[in-house]
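Structures incoming, each one as C-alpha cells.
Both of the next two complexes hold subunit A, though its partner changes from subunit B to subunit C.
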Partner chain A sequence: MAGKIVSIHSFRGGTGKSNTTANLASQVALTGKRVGIVDTDIQSPGIHVLFGLNEQKMGKTLNDFLHGKASIREVGFPVGKNTGEGAGRAQLAGKELYLFPSSIRGQDISQILREGIDFNKLNEAMQMAISEFELDYLFIDTHPGLNEETLLSIATSDVLIIILRPDNQDLQGTSVTVDVARSLDVPNLFLLVNKALPKYDAVELKKDIEEQFQATVTSILPLSFDMAENASQDLFLLRYPDHAWSVALRNVIPYILNAE
Partner chain B sequence: MTVNILQKIRETDFFKDLSDEACAAVAAEASTRHFAAGDAMMKKGDPADSFFVILEGTLKIVTTDAKGDEIIINKVGPGESIGELALVDELPRSAGVVALEPVEALEFTKQDLFDLLARQDVSLGILRGFSHRLRFSTTYIEKVIDWSQKTAEGNYSFLDQTQPLVTPAGSDEAKAAQLLSAFYSMVRKVKEREDDLKEKLERLTVEIDQERRKREFEEIAGTEFYAKLKEQAKALRQKRNSG
Partner chain C sequence: MPGLFDRLDKEIKGNQKDGGISPLDIAKLPPSLRKIMKLMLRELSMSYPRMCEVMDAMPEKDRLTRTELDSALSSLSEQFWLIRIGEKEKAIYKVNLRRKAGSTLMAGIWSSLDNKLKDKTPKSS
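Up next, the complex of A and B:
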C-alpha cells in the first residue's frame, strides 16, 4: 500500500497549523509508522523550529530539490537520529520521522517568490519522499490561504485536515476550502477546531460546524496559554501528554490512521 | 432541687451519660440562674470562670465584625451547655452570649466543676460524653475531607448517594451534623451554579455568506491552472490506486 498524503491546511494564518502538524506527525511516528513532514509553506517556513532545527543545523532543503541541486534523500532530515534538546522531542529517538524543510535563507525565499514553484517538481518531491523513505504517511504543512502550491497539496491529499478557529472569518474562508477540496475529490476531508474559547459549548460547536460543512470535526482544541507559551520550543503533545490540548489533539489520530 | 431539674439535667448533652446518683450530685452543686431577653450571659473577653447548662429558652452567640456590628455566630437552646471547654483551657470568652427570650440555666463555677470531677461516677460520665463527641467529630471530619477531595475533582456523585441528615435538634450529633449539612448544601449550590454556567455557554452563530462563498470558489475553480490541476490530481490518484 502506498503511503498516504495528509495535508494540514488553514484558510488564515495563526490557527496553530505548524504546531498541530508537527505534533500529529510525531504522535503517528511514535506508533511505529514511517512518517515524513514536508514544509510547503515556502514563503514563510516555520515547522523546522519545533524539531530544533536552525539555519546552521539545516542541511539541504526542499528549495535545493526544486532547483535540482539536491536529491530528496539529501533533503530528508532524520528527526529520530537528531532529537536534540526537549523532553518531548527526546521520545522520538529511534523513530522513523523525516522532515523535509523549506529554506529559511532570505535569498532562497525571494528566489521562490520571484520565480514561482515548478508544480511538477513539487509533486515529484512528495511522491519521491514517500517512495524513497518508504513512508506510511507524509504530512504537508501548507501555506495559509489558497495559493497554487496549497491547491497542489490539497489536490494530491488522501487526507485533508482543515484547521479553523471558531470565528466567522475563519468559517467563511473554510467554506471555500471545503468546496475546493470536494471539487478536487479529496477522499478524506476533516475539520479541526483550534483555539476554542471556553465560553463556547464544545458539543454544540461541533454539531453546528459539522452541519454547516457536512464534514467531520475531529476534535475541538481549547485555546491554551500553556500551549502558546511552550509552542516552538518542543513538541507540546509529547511533552505534556495529559494537558487538555494534548488530550483533544490525540482524538484526531484515529481519523488519520483509519483513513482509507 | 426539684425532680423537674433533675430530669432536665439528664437530658443535657453534657450530663446525659451520668447515672441517676451522679445526676443528683450535679443538681445539688448547681445554682439556677434566670436571664431576661436581652441579658448577657457572657461577654466577649471576660475570664472564663463558670459554665452554663440551658434548661429553658434560647440564646444567641455573638461577636462583632470590623465595623463593630453584631454578627450572630450560632443559637443555643435547652439541653445545650456553654463555656465548659473554656473552664478547662482557661482562655477568655471568645464570644458573647445574649438571651433571646427568658432563659433558665444552671451555672457551675470552676470550683463546682472541679468538686464534681472528684466524684468518679461524674468524671467518668463526663469523659464518656466527651469521647462520644470526639468520635462523632472525627467521623464527620473524615466525611468532610472525603467530600472536599471529591468536590475538588469535580465529582459530585456523593450528593445523590447521601440522604439529607436528620438528627434531633440540640443534640451533639446535630452540631457535628450541622457542619456536614452546611458543607453538603454548599457543594450542592456550587454544583448548581456550575450547571447553570454550563447552560449559559454561548453558542457561536455560524454565519456564512453563501454568495461570497460561491463567488470565491468560482474565482479559484475558473482558472486554467485549476482545471489542469484537477486533471492531474485525478490521474495521480488513479495511478496510485492501481500502483
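Up next, the complex of A and C:
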C-alpha cells in the first residue's frame, strides 16, 4: 500500500500550523510508522526550527531538488539520527522520521519568487519521498492561504486537516478552503481548532463548527501560554505529554491512522 | 548517438513547454477527468495497461468503462495535461502540471536593487 499524504493547512497565518504538523508527525513516528515531513512553505519556511535545524546545520533542501541540484534521497534529513538538544526531540532517536526542508537562504527564496516553481518537480518531490523512503505517512506543511503549491498538496492528499482559530476571519477563510478541498475530492477532510479561549465550552464549539462546515472537528486545542513560551524550541507534545494542549492534540492521531 | 530514452525525454520536455494543468484547473474538471488527473498526480507516470488494471480494481461506483477511460485520456492528452508517449496499448502517460510563474515585479525590484548597489560601489582612483 502506498504511503498516505496528510496535508496540514490553514487559510490564515499564525494558527500554529507548523507546530501542529511537527508534533503530529513526530507522534505518528513514535508509533513505529515511517514518516516524512515536507515543508512546501517555500516562501516562508519554518518547520525545520522545531527539529533544531538552522542554515548551518541544514544540508540539501527542497529548493536544491527543484533546481535539479540534489536527489530526494539527499534532501531527506533523518531526524531520528540527529535529534539534537531538546527533551522532546530526544525521544525520536532511532525513529524513522525524515524532514524535507525548504531553504532559508535569502538567495534561494528570492530565486523561487523570481523564477516561479516547476510543479512537476514539486509533485515528484512528494511522491518520490514516499517511494524512496518507503514512508507510511508524508505530512505536508503548507503556506497559509490558497496559493498554487497549497492547491497541489490538497489535490494529492489522502487526509487534509484544516486548522482554524475560533475567530470570524478564520471561519470565513476556512469556508473557502473547505469548498476548494471538496471540489478536489479530498477523501478525508478534517478540521482542528487551535487557540480556543478557556471560557469556551469545547463541546458546544465543536458542535457549532461541525454544523457550519459539515466536517468533523478532530479536536479543540486550548490557547496556551506554555506553548507560546516553548517558542518552537522543542516538540511540545513529546516534551509535555500530560499538558492539556498535548492531550487534545493526541486526539487527532486516530483520525490520521484510521483514514482510508 | 542519442538513444531511445534521450529521444523520448526530449519529446516529453518539448511537450511540457506547451502548457500544462494548474491545480485549480483540476478542481474545475468533470469528475471522470479529475479522477484520472488525481490518480496521475500520485503515480507520476503510468502505462495504459496499468491504468486499466487500476481502474478495474476501483469500486464499481468510481470505475470508468474502457470507452470512458479512452475518451478521458484522449481529452487530457489533447490539452497536454497528460503527455502521451507511444500509441494505444503501448502508450505511457505522464502528468503535466503548469509551472508557477515567477514574479515580474520581483525581477524589477531586484534589478533596481542591483543597480543601486553598483552605484554605491566605491570608485577606484
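Structure notes:
By definition in this document, the second predicted complex is superposed on the first by the 259 of 260 C-alpha atoms of A that agree within 3 Å, B and C clash if a C-alpha of one lies under 4 Å from a C-alpha of the other, contacts with A are read in each partner's own complex, and residues count from 1 in each chain.
Please note the rule applied: a contact is a pair of C-beta atoms (placed from the backbone, for glycine too) under 8 Å apart; a residue touches a chain by one contact, two chains touch by 3 or more.
Since the model is a prediction, treat every value here as computed from it, not as a measurement.
When both complexes are overlaid on subunit A, subunit B and subunit C end up clashing with each other.
In the superposition on chain A, A:205 contacts subunit B only, with no contact to subunit C. Once the two complexes are laid over each other on the shared chain, residue contacts for A:47 go to neither subunit B nor subunit C. With both structures placed on the common chain, the touch criterion links A:35 to neither subunit B nor subunit C.
By the touch criterion stated above, A:2 is placed in contact with subunit B and with subunit C alike.
By the touch criterion defined above, A:191 lies against neither subunit B nor subunit C after alignment on the C-alpha atoms of chain A. In the superposed pair of complexes, A:151 makes contact with subunit B and with subunit C alike. Looking at the shared chain after the overlay, A:160 reaches neither subunit B nor subunit C. Legend: residue contacts after superposition of the two complexes on their common chain; A:113 is shown touching subunit C, with no touch to subunit B. Shared-chain residue A:22: touches no atom of subunit B or subunit C.
In summary, superposing the two complexes on chain A brings one listed stretch of subunit C into steric overlap with subunit B, and the stretch in question is 38-46; the others among 38-46, 56-64, 74-82 or 110-118 show no clashing C-alpha atoms. Shared interface residues of subunit A, touching subunit B in one complex and subunit C in the other, are 2, 119, 123, 148, 151-152, 155-156, 180, 183-185. Those residues of subunit B lying in contact with subunit A across their complex are 198, 201-209, 212-213, 216-217, 220-221, 225-226, 229-230, 232-234, 236-237, 240, 243.
By the touch criterion stated above, subunit A contacts subunit C in their complex at residues 2, 110, 113-120, 123-124, 127, 148-149, 151-152, 154-156, 180, 183-185.
Listing the residues of subunit A that touch subunit B in their complex gives 2, 119, 123, 146, 148, 151-152, 155-156, 166-168, 171-172, 175-176, 179-180, 183-185, 199-201, 204-205, 208-209, 212.
Note for the complex: subunit C touches subunit A at residues 16, 20, 22-24, 26-28, 31, 34-35, 38, 41-44, 95-103, 106-107, 110.
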